[in-house]
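Across the two complexes that follow, chain A remains constant while its partner is chain B and subsequently chain C.
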Partner chain A sequence: MKRTFTLSMAWLHSWAGLFFAWLLFGILFTGAIAVFHAEVTYWVTPEMRGQVHDDRDKAIEVGRAYLEEHAPDARLWRLTLPSEREPVVKVYWRDEKGNGTTRRLQPDTGETIQRETRGGGFFIDYHYMINLSRKDIALGPVGLWIVGMAGIVMLVACISGIVVHKRIFRDLFLFRPGASRHRSWLDAHNVLSVLPLPFHIIIVYTGLVTLYWLYVPAGINSLYAGSEDAFRREAISQHYVSLLDAPPPGPPAPMMSLPAINRQAEAQFGAGKTAYLTMRDPNRANAMVEAFRTRADRVTQQVEQIAYRGIDGRQIRIVEHSTATKIQSFVAAIHFVEWGGAVIRWAYFLVGLAAAAMVATGLVVFTAKRETKRGAPPWLRLVQAVNVASVAGLCIACAVFFWAERLTPADLPARAGVPVKFFFLSWLACLAHAALRPPHCAWREQFALAAFLCFAAPMLGGQGWLHLISWDTTRLFFDLTFWIFGAVFAFLFFKVKGTPTRSVHRHELVA
Partner chain B sequence: MMLQLFSLYMTYTGLSSFALAMDKHHVQAFGERVGPGRTRWLRLSGSILLLMALGLWVWSLDVAMGLVSWLLWVLPIMGLIVAAGLAFVPRFTATVACRRP
Partner chain C sequence: MAYRAGRERQGAARIAARIVTAIVAGYAILYFVSDALGLALVSAQWTTRADAVLIATNLAFLLAPAVVIWVFAAGSMWRAVGLPFVVAALLMALAGVLQP
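The block that comes next holds the complex of A and B.
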């Protein structure tokens, strides 16, 4: 414990902040991108066309025909209908061993889209589990634990930050770019933290609530003998059956027409409101078809779902969720923003970027404060290198991901993993570069590279001008956002050039 | 849409009035300290503008969505614009908010 409460909080804020900021910048930055996950997928798939497809019966038939042909023995089918944001039919199936496969089809012709991609899904996976899937690690959901811990530390940093910052209201708008290096970055850090503070706190809190049961496994271990399914049946829905526990499939029996079942469901949801259909044990006597309502116009994650018997389409039940689940799913939906349309998504994107910028400026403040006239502690060099890599390096890695998506041939086998490999390799390269170069040069050079990557990304594969000709507004906005990011990185490149100001100069003179 | 844009603008003017009511920002924008009477006037008009902006925003959406989205997104985004504006183009920021010396 330090001498006073404020000093203790300052210590906590800077040290907990430092170590977790390296993680948090990436989590917040990819989270801001993940708000537009459907648009990312759309941008990286030139085969997807922008027209809204209204013939939903045709789309369902197209999807079913594909599944009948390619996955007749699967235990589970999922057929996602085309929507405004993702105008394709998505089919997904899981075999006996639980391995899933996804394919995308053109809704009108039924043509398969060859290009495999994780698209926006990669940014979601990085955001909530640093891309460490539960399947990859025997120990458990390690990625989720790491991100959860970072989230809790961000809450701690928000609150200790309020204690440390004594002039919250007086310095609400105060930003002095011309002041000393430490002062001006501290101003930026304060402005970016205090004005959006309600958002920062709520986005972290709602993020933690989405996966609440994972952070303290002792609860499920002691009350449900470690069975997550038993917990889910009690907490979420009494009808929950995981695929592994499901009884064996019955004898073959033809399933009813799916468009007819979907019309029944849409009579209750509203026209065009079905998001996807799932089929358990399709074309078997015990087949069950479930229709799920869209999330686009409701603030909830647990959508309404209706189950039908596969062979004759009789309604089995409307799935009821417990009150606790309804509240949790409302809180989680505040985090997921599948509702509210483009305006809300842009708002989340911008304030999410402000949160990422808050973390980045915090890192710069940490080092600027310790670079005094008398020189800097020797370990600061290490901190500076990791700072550069975790901020500028991550921006480069994201841009490289988009480059790899554009440049990898569409028909490459196992294509979806390629851009991800490029993401992590380029990030590693940035860390090596930051370790070898002096900090100012590392910042400058990485920002220059990030600016170049962003400026060029829309033009790769001869795409850029096509978007202008076809007036594809979603892709055009995407291109424009790339250029704005390029301009911001270029601005930072020139800004860092001017900053070896007094304090650093003096330190260099002494050294 | 028009109502929401107008509400955004009023949030901006309201927040910049609050900022200009502080000595530091008044000096930034107009090169002179703010007097006590002017501080009071700026704060009063700023609060009225913010209340009207909130009212308009809530009215043009609905109560739940309106309150939450104004507090979580409109206020911080406009605040960051005001802070950046006062730092880089202080006089222009005040002019856009219809504030003269």
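The block that comes next holds the complex of A and C.
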């Protein structure tokens, strides 16, 4: 659309980049946090203790006793065994209307953890659908589509970015922190883009692959007569239990001992490798118990699953996946990183943050390039306000989420939604603040607040340093990470000082 | 600077047309490529319908960024706006023919 391909790509990179960067920063930042979703849930739940629970039979009995008492008529139970990352028994059941309830229990005593929380799940939900659940919105998966579109635009920005910065690999070794404000932000933008470029591209593509049938339901419409249920039963079948068209439950009949069934499953999975059990029509003549293997040690999203008849524990079926499904499951697992342990998770976390920082520095370059000696276009003021809110404001909102998790009483009714409300309200407040203050003041003040929130977060809620005594390494690393974030925000607070417009474009005038 | 319009005769309407094309025709091409390819795989009896949907959709994703780049790189409005809609319509027709 411009005179040359490069100029067209520069235009596309700038403008598509600008509008979607506002969205992408949050998606990438929460995505990086979501890598540690189990650890987030652990950190916000002081009742969870990081001991290893070896007695899996006891944990299963504890979960079954709770479900039999609280959900005897539910047609679906799920019982998640304690793991290293989440050392609790999680029980889940679904009522006739399809609404699910989750409770967490101590595996040794069976004591219920009263605290309801979305924990790390909130960051996952923000990451892939901006927290707009399909159930909440009549229009359908709007949040999912917005994120999918942002994903395509990020791929476009990666490709056009390579075209724009043809000399990018040479420039990579040119970090000029003192050159000029615009130049050093551009160099930072390039470093953050080029080195992890394969990761950026792979993470977006694998993200699209995870929920491909929702982004483009063409195949469902043509080959499954528009029935997503039918497609999911055939192609995914993993958790999917449609209770609406299931035959009525059989007469009451006691189920076999679940630990015995689990031992059968673990004889095939490997000892301690069952992640969770699902029970359909529990304690009925037609009861079915299905064991699902853990994802922790394999790069696959569709885990092995074995189903047993509830009354006598006879194996009913093993779900076999086609080669294509196995490949999709592998690609999706690259995105979900439930495998690989702490080292891989830290690597994903850091590169994910690099992607978020790439987007943030891109926004700064956009405005710095347009602030010349002769002044800036009038709309730039608006862009700057949204920039501040979508970057610094989102960081504040995330920190506020953790604060709210720590400070909301454990027994508050409907507690899980409270930190989420604080997240969005504080973000809105950041937008208002950014609109009212001059841009560099807004950046500085929001970074200062973010630094304070991160430095103080580990000290909240009377947690103190008990986990230093008990040597709870997950919590220790979590607190340390908060402080590193605090230090980074403090650094940015000092870096963005003064009014830089005077010296900005010396370089460009020469060029 | 590249972002300064005017000299390039890029009125707001022309830019808006490209944006609409990138979104609407871009998604239509993505949709009907995966539709037609999935139907073709099934009618050629190469795979099951579940695998056909999976393969077709995930391959079509690779095409989407290329379409967007095409829309913003093409020189004339015909190539940038007209052609993508024509291609989308042809793909829709192809998918219609392949419907069982």
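Definition applied: the second predicted complex is superposed on the first by the 489 of 511 C-alpha atoms of A that agree within 3 Å, B and C clash if a C-alpha of one lies under 4 Å from a C-alpha of the other, contacts with A are read in each partner's own complex, and residues count from 1 in each chain.
What we mean here is this: contacts are C-beta pairs under 8 Å (C-beta built on N, C-alpha and C of every residue); 3 or more make two chains touch, one makes a residue touch a chain.
This is a predicted model, so every value here is computed, not measured.
Visitor: Which holds for A:Ala225: it touches chain B only (first), chain C only (second), both, or neither?
Guide: neither
Visitor: Considering only the touch criterion stated at the top, classify A:Ile469 as touching first (chain B), second (chain C), both, or neither.
Guide: neither
Visitor: In the overlay, answer first, second, both or neither for which of chain B and chain C A:Ala138 touches.
Guide: neither
Visitor: Of the partners chain B and chain C, which touch A:Ala271 in the superposed model: first, second, both, neither?
Guide: After superposition on chain A, A:Ala271 lies in contact with neither partner.
Visitor: A:Ala414 contacts which: chain B (first), chain C (second), both, neither?
Guide: neither
Visitor: Touching A:Ile344, do we find chain B (first), chain C (second), both, or neither?
Guide: In the superposition, A:Ile344 touches chain B alone.
Visitor: Check the contacts made with chain A and report whether chain B or chain C touches more of its residues.
Guide: C
Visitor: If you look only at chain B, which of its residues touch chain A in the complex?
Guide: Answer in residue numbers: 15, 18-19, 22, 24-25, 65, 69, 71-77, 79-80, 82-84, 86-88.
Visitor: Quick one: in the complex, what on chain A touches chain B?
Guide: 170, 172-177, 191-192, 195-199, 202, 340, 344, 347-348, 350-351, 354
Visitor: If we count contacts the way the header does, which residues on chain C are in touch with chain A in the complex?
Guide: 1-3, 8, 10, 14-15, 18, 23, 26, 30-32, 34-35, 38-39, 42, 47-58, 60-62, 64-65, 68-69, 72-75, 80, 95, 99
Visitor: Using the touch rule from the top, collect the residues of chain A that touch chain C in their complex.
Guide: For this pair, the touching residues of chain A are 1-3, 5, 7-12, 14-16, 149, 152-153, 155-156, 159-160, 205, 208-209, 212-213, 215-216, 218-224, 231, 234-235, 322-325, 328, 331, 369-370.
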